[in-house]
Structures are given as structure tokens and as C-alpha cells.
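I've put the structures underneath this note.
The two complexes that follow have chain A in common; it is paired with chain B in the first and with chain C in the second.
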Partner chain A sequence: MDYRIEQNGAELKISLSGRLTFNDHGKVRAMIQEMVQSSANRQILVISGLEFVDSSGLGMILVAREEVSQLNKNLTLRGAQGQVKRVLTVAQLGKVIDIED
Partner chain B sequence: MTGTSSASVNIRNSRILVVDDNRVNRHLLVAVLQRGGFSNVGTAEDGVDALARIGEAPPDLMLLDLMMPKMDGFEVCRQVRANPAWKDLPILVQSSLSSSDDRKHAFSAGATDFVTKPINATELLSRVRIHLENQALLRDLQQYRNRRQTELALARSMQERLLPPPSRLAQARTDLGLSLSAHFEPSSELGGDFWDLRRDDRDRLIVWLVDFSGHGVGAALNTFRLHAILRQMDLSNFDPAEHLREVNERVCPLLRNGQFATMLVGVVDQATDTFHYASAGAPAPMIWQPGDDVPEFGDSSGLPVGILASARYENRDVPLPVGARLFLYSDGASELWTSDDTVLGEEGLLEIARQHMHLPDDNHFLDGVLDSLAALGSFNDDVTALVLTRRR
Partner chain C sequence: MQANTLYGVGLSAERLEEFASASAIGCGRAATGLPADWELDGAAVLAANLDDESFGEILSRGARTCIEIGGLAVADVAESLRLARTSSIFVSLTTVSAYRFQLAHRIVQALDRRQPVGEERCYDMELALQEAISNAVIHGNLSVHSLENPSLTALERFSNEVEGRLADPELACQRLKVAALLGDGGIAIDVIDQGPGFVPGTRKSSVASGRGISLIETLVSGWELLDDGRRIRLRFDR
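Entry: the complex of A and B
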């Protein structure tokens, strides 16, 4: 998995690409660190470039949501495709995190 | 190379064997070692004597001369290395033979290191210390690894004992006419998958298949917790959705942020010819009846347990008349990476199940599916698969 971060005023966009799995643990920790330190109140994980996520990857997204919401910031998942979209749908993750097309 | 001794290993009591046919040399080497703080030093006069001493009490390091009567140092090296028990013994060759050919021969015979006579006391002690420290660290590491392997093997057998024994499967077949075959394979010694089989008070068979996020020791510990929780729960007049709600409520406070489990639980209701189930984000179950051309997916959407304490679940029904079959699996089976670097997916697994769906024996069906999967790629997550056939 690779990620790119861009801040636009009060909005932080984190674009993920590749595969998000157990092996990305370290990278995701660094990414969450950047999200937590950002002043942006609205944070968007753009996952349209993500081709695969496993259950560990899903867990990491939930950790990001938890850490960001503890700072009263809002996290949205945007643009899930293919397998990633199916995983989010089956896990009904929309119940705990905002999901946009 | 430094002579400082690492604080974590104690090499003072190490046993050193000095091998030299010259008495003056032997005394000199022993004196140098003793001044360097090594008191446990033995001596041998030639190669034959050296091997006898090693046989009596293997040293932690040997200082070995090359040119000796009876048996020379090269042969000692070879014989020591030929014995598996001594293959890691550090052999520090000390010799006045110092050509590069001599060194080459010594190393190819099995020497660990080489010092040239006349002996420089500081250099000799430095090298002795380094090799003893390496030896002690290596031994530490081996002991740690052995202990860890023993513990993991024990934990693995404990985890296998969480699963239903063959007798319970046989009973389901004789009492209820439900035959079952299951496969459980953690990706490392321990895994985060779990499945179980019980009966409710109306003698209906309940089946669970659970997959904790991640794998290895942490995920495995969670399977033990869940097993304990399930044992305490009331299964009378079993309602899958209500059961999931309660499991989730109990599991939520136990799991760390980011940990969760997907779970499917259902009951075979032979009076209504249905499989009545609820799912917390588990892989979609496959169901088919005699005469079907292809298995059908059941809906398995639902929030995994451990994420939101207030989560609610939905009961679903699929027809399960006599002859019908149910195939449950963990995502380790469907998220297999094939050799052309694509993920198999549930559709891919459905196609594999289709190829074997008409094999009447449950074991044959499961073996067929697993063999097809193994031919496609290698598993990198825990794999559990379970097939149930309604025989009457």
C-alpha cells in the first residue's frame, strides 16, 4: 500500500493505492500519525486506488477512525471499488464510518 | 574486533581446551588465558588426546595447534566437524604455519579462526572472547527457539482441542442424519479461526464459524476467549441473530481497537427444511441441492463482532431439504493469491466448489476443493472449511 496526503484548508485528503494488508502495519501507523497531527477537521480516505483489503487492513481503517474521532474530527471513506467495496458492504462498515461513492 | 565483554553473556566460566604438543607452549597459553580471567582451562598433547578430552567433556572453545604427532590439527578439525554434537564448537587455530595455503586448509577443515605464532596475548584474548560470546549468544538463541517451539506446539494442540472431536461429528450423523467434514489449518502454529458444533434444546444442530482479524498468537488467544464465552451461553430455543447480538456485546469490551471477528452461526432446522442463520460479515455461505448446477451464495452481510457494542443482526433462511449441502469457509480460502498475482475471491471459490459439488462423500468434496486451491496458489491466512450434508 502507498498513500499520499494533501491538505486543503480544513480538509485532509489521504489517497491510498495498492493492497492494504497485515504487512502494511508500520506504514498505516505512520499515516495515522500524520492524520492525528493534522489540523484538518474533515479527513477523507480516498480509496478508489485501493485494489484489495484483507481483514487486518479493515482493522487498520477502524483504528484510524477511532483515533481521528477521539480528536472530534470526522473521517470519511470515499470511492471504494471492486473487492474493497464488497468487503465494506459485507462488513456493513457504513454503520460505524461515513462511506461515500 | 574489540575485547570488551558483552554484559548479557557470562563467558568467565567457559571451558577452554588448549591443544599443543609443546609443553612450554601449552603452559604459555594457559597462563595467558588465566591472566585474561579464564580459570577453567584444560590441555591436550596431540590430536588423539584432544578428541579423547572433547569426548569426556566438550569444551566451549578449543585452541588448536596444527603440527602435532599422532594426529595433526587439520584432522582434529575434520573429526570434530563430522560429529553433529560438536559442529558449533569454536576452533581457534594457533600455528606458526602462516602461509595463505595453510590458512585456507585450516578453514576448509573446519577451523573457526586463526592466530599466528608467536602468540600476541591481547589478540589471542580478544579472539577467544569474541568466539565465546558468539557461542553463548547462539546457545541462548537456540534455547529460546526450542522453548518457543515447544510452547507453540503445546498451544497448537490446545487450540485443536477447542474444535469438535470426530465423535461429535459421528454423533450428528447417527442421531440427526447430518454428515460433516471440516478442515482447520492455521497459517502459522496458531490461528484466529474457530468452528464449533452443538445442539439446542430442540435437538437442532448449531454450527459456528469464526475468524478473528489477524493471525498468529494474538488472534489465537481471542479464539480461546470466544470459546469460553460460547460455553457459558444459553442455547435453548436458539435464535442466531439474538445469539450474535449477545456474543458481540460480550466480546466488544475484550477486544482492542482494530480487532474484530467475522462470524457465521446457524441452526439446521429439519422440521422446516431450512438453514436458519445470522452473519457478522463472514464470507458468503454456499448452498446447493441435488440437481443444482451451481452452488448459491447466501447473504452474509453484517457488522463483524467486536466493533460496535450496540450492533444488531438479522436472521436469514435458506432452504436445506434432504440431500442439500452447505459449505462454509473462512476468508483464508477465498482470499487466496493465485500464481498470476490475482486474488481468487468468493466467485472464484464458487467455481471451484462447483467442480466438486457432486462428489457424494463430504471428505472427498473438501479434499477436492482444497487440492484445487493448493494448485492455484499458497495460503497466507488461516483456512477453515466445513461442509455439511443433510442425509435424511
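Entry: the complex of A and C
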């Protein structure tokens, strides 16, 4: 998995690409640290470039959500495609995190 | 004719010959890297210093078996090749490689080339296999527990534990095997580890972990645990 971060005023966009799986914990930790340190209140994980995610990847997204929401900031998942969209549905992730098209 | 022939990648012709004769299998060619002109339809490949790209290339050229040597003795290779004969695809990797490679993806792509099942089915098979492999690597061979809670501290602890275990040569060299069988009724895929054995219901789960088995249940036609929890068999009916 690779990620790119851009901040625009109060909004932070984190764009993920590649495959987010159980061996990506090192990169995800770095990503979450950047998210936590950002002043942006509204943070968006753009996952339209993500090809594949497994349950560990979902778990790591939820760690990001938890850390961000403890700082009273909001995290949204945006643009899931193909397999990723299917996993979000099967795992019913919409119950615990905001998802938009 | 490549079927029932053993090829060597990253090892000498002499060494390959030694493995082939002990395994009662025809001896093919040996090369340092994977030569562009090798066709591997139905072949078995024995590889040293394997990386993910070469591994993917070996499977996509039609090899039926890929065994990473990684410290295996001649007798271990012979035993693996014997097991591989009853599989449509058989892979045996070290834990480190199984952790780093896109193993589930490459196996499902290879199966789909043999017997096309369609994009959506591939997604489901790949995810179920990915979950089985990550359980076998993380909880099986590396014996690392899931995230206790969805926090950066727990994720750091998990990361450090995984990296620490991967750096232990004894654990890193344990085997992770995947054996897939294409049949008339569907596909069966076994994932085999050398860990303490999985007993369902004994792992703690939190919002950030513990989804693997329930995802598998949703995605497969059936699954069972064999060999005291060291082998999970996933079935996908036609």
C-alpha cells in the first residue's frame, strides 16, 4: 500500500493505492501519525485507488478512525471500488465508519 | 514436456540433480534467475532466493508446484513433491516469504487461468484465502495475537511483535503451504502452517480484529480445520 496526503484548509485528504493487507502495519502507523498531527477537522480516506483490502486492513482503518475521533475529528471513507467495495459491504463496515461514494 | 519435471531457479544444475533424483522426478534445467524463454506448464520449480515477482512469474507460466528451498533438506523437498502430486497447485514457502508475497492473489490468478470463475468469484476466493493465510502466518507460525483494541499503541505493539518474530531465524524458516485442488464439484484450497494449531473461539476479538473467520464463513461454500488446527480447508462449490 502507498499513501499520499494533501491538506486543503480544514480538510485532509489521504489517498491510498495498491493493496492494504496484514503486512502494511508499518506504513499505516506512519499514516495515522500524520493524520493525528494534522490540524484538519475533516479527514477523508480516498480509497478509489485501492485494489484490495483484507480484514487486517479494515482493522487498521478502524484504528485510524478511533485515533482521529478521539481528537474530535471526523474520518470518512470515500470512493471504494470493486473488491474493496464488496469487502466493506460484506464486513458491514458502514455500521462503524462513515462511507461515501 | 514440462509436467513431472523439476526446474531450479537460483540453484546450480548439480544441486537440482540431487533434489530431483531423491524425489524420483525428471530433472529439468537450472538457472540463476528465471530465464524469459522457460515454459513451465505443469512443472515443479524449486527456488532459492525467491522474490514475489519471480514467484508470480513462475505461477503465471503454468508451474504446478513451487517450493522455496529456504533451509529444506533433500528429504523434505522429496516429501513436498510427493504431496504436490495430488494437487492442482502446490506452494511451499518460508514464513517470511508468505508474509511478504502477494500469495493469495497469485494463487487465485493461477487457478482462474486454469478454470476461469469470473471476477466476483475471484474477489471472494482471494479474500477468503488471504484471511486463511494471514491467520496461518500471524497467529500460526509467528504466534502473534491480534490487536487488543483499535489504538495506535496496540498497533505499534503488534508491529513490533511481528517484526521481532520475523527476525527470529527459527520462526522465519517455518513453512507455510498452500495446496489447491480443482475438481468437478469445485475448488478446495488447504492452507497449512506449523504453529500451535487454531482452536475456534479462543482468540479475543475487538472492533479492529477478529473478522477473519467470520469473513471466511461468508465467502466460502464450506470450511474445516484439520491436523489439530494447523490446516484449514476452504471449499468453493461450482
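Operating definition for what follows: the second predicted complex is superposed on the first by the 101 of 101 C-alpha atoms of A that agree within 3 Å, B and C clash if a C-alpha of one lies under 4 Å from a C-alpha of the other, contacts with A are read in each partner's own complex, and residues count from 1 in each chain.
Following the convention adopted for this analysis, a contact is a pair of C-beta atoms (placed from the backbone, for glycine too) under 8 Å apart; a residue touches a chain by one contact, two chains touch by 3 or more.
Bear in mind that the values here come from a model prediction, so they are computed numbers and not experimental data.
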Chain B versus chain C as contact partner of A:Ile5, first or second or both or neither: neither
First, second, both or neither for A:Phe52, with chain B first and chain C second: both
Touching partner for A:Thr89 - first (chain B), second (chain C), both, neither: first
Of chain B and chain C, the chain that contacts the larger number of chain A residues: C
Touched partner set for A:Ile32, first chain B, second chain C, both or neither: second
Chain B and chain C footprints on chain A, overlapping residues: 22, 52, 54-56, 58-60, 62-63, 66, 83, 90-91, 96
Chain A partner contacts - residues on chain B that touch it in the complex: 211, 213-215, 257-260, 262, 281, 284, 300-304, 307-308, 311, 331, 335, 343, 345, 381
Partner chain C, residues of chain A touching it in the complex: 19, 21-23, 25-26, 28-29, 32-33, 36, 52, 54-56, 58-60, 62-63, 65-67, 82-83, 86-87, 90-91, 96
Residues of chain A defined as touching chain B within the complex: 22, 52, 54-56, 58-60, 62-63, 66, 83, 89-93, 95-96
Residue ranges of chain C touching chain A (in the complex, touch as defined): 99-100, 102, 105, 119-120, 123-124, 126-127, 130-131, 134, 137-138, 146-147, 150-152, 154-156, 158-159, 162-163, 207-209, 211-212, 215, 218-219
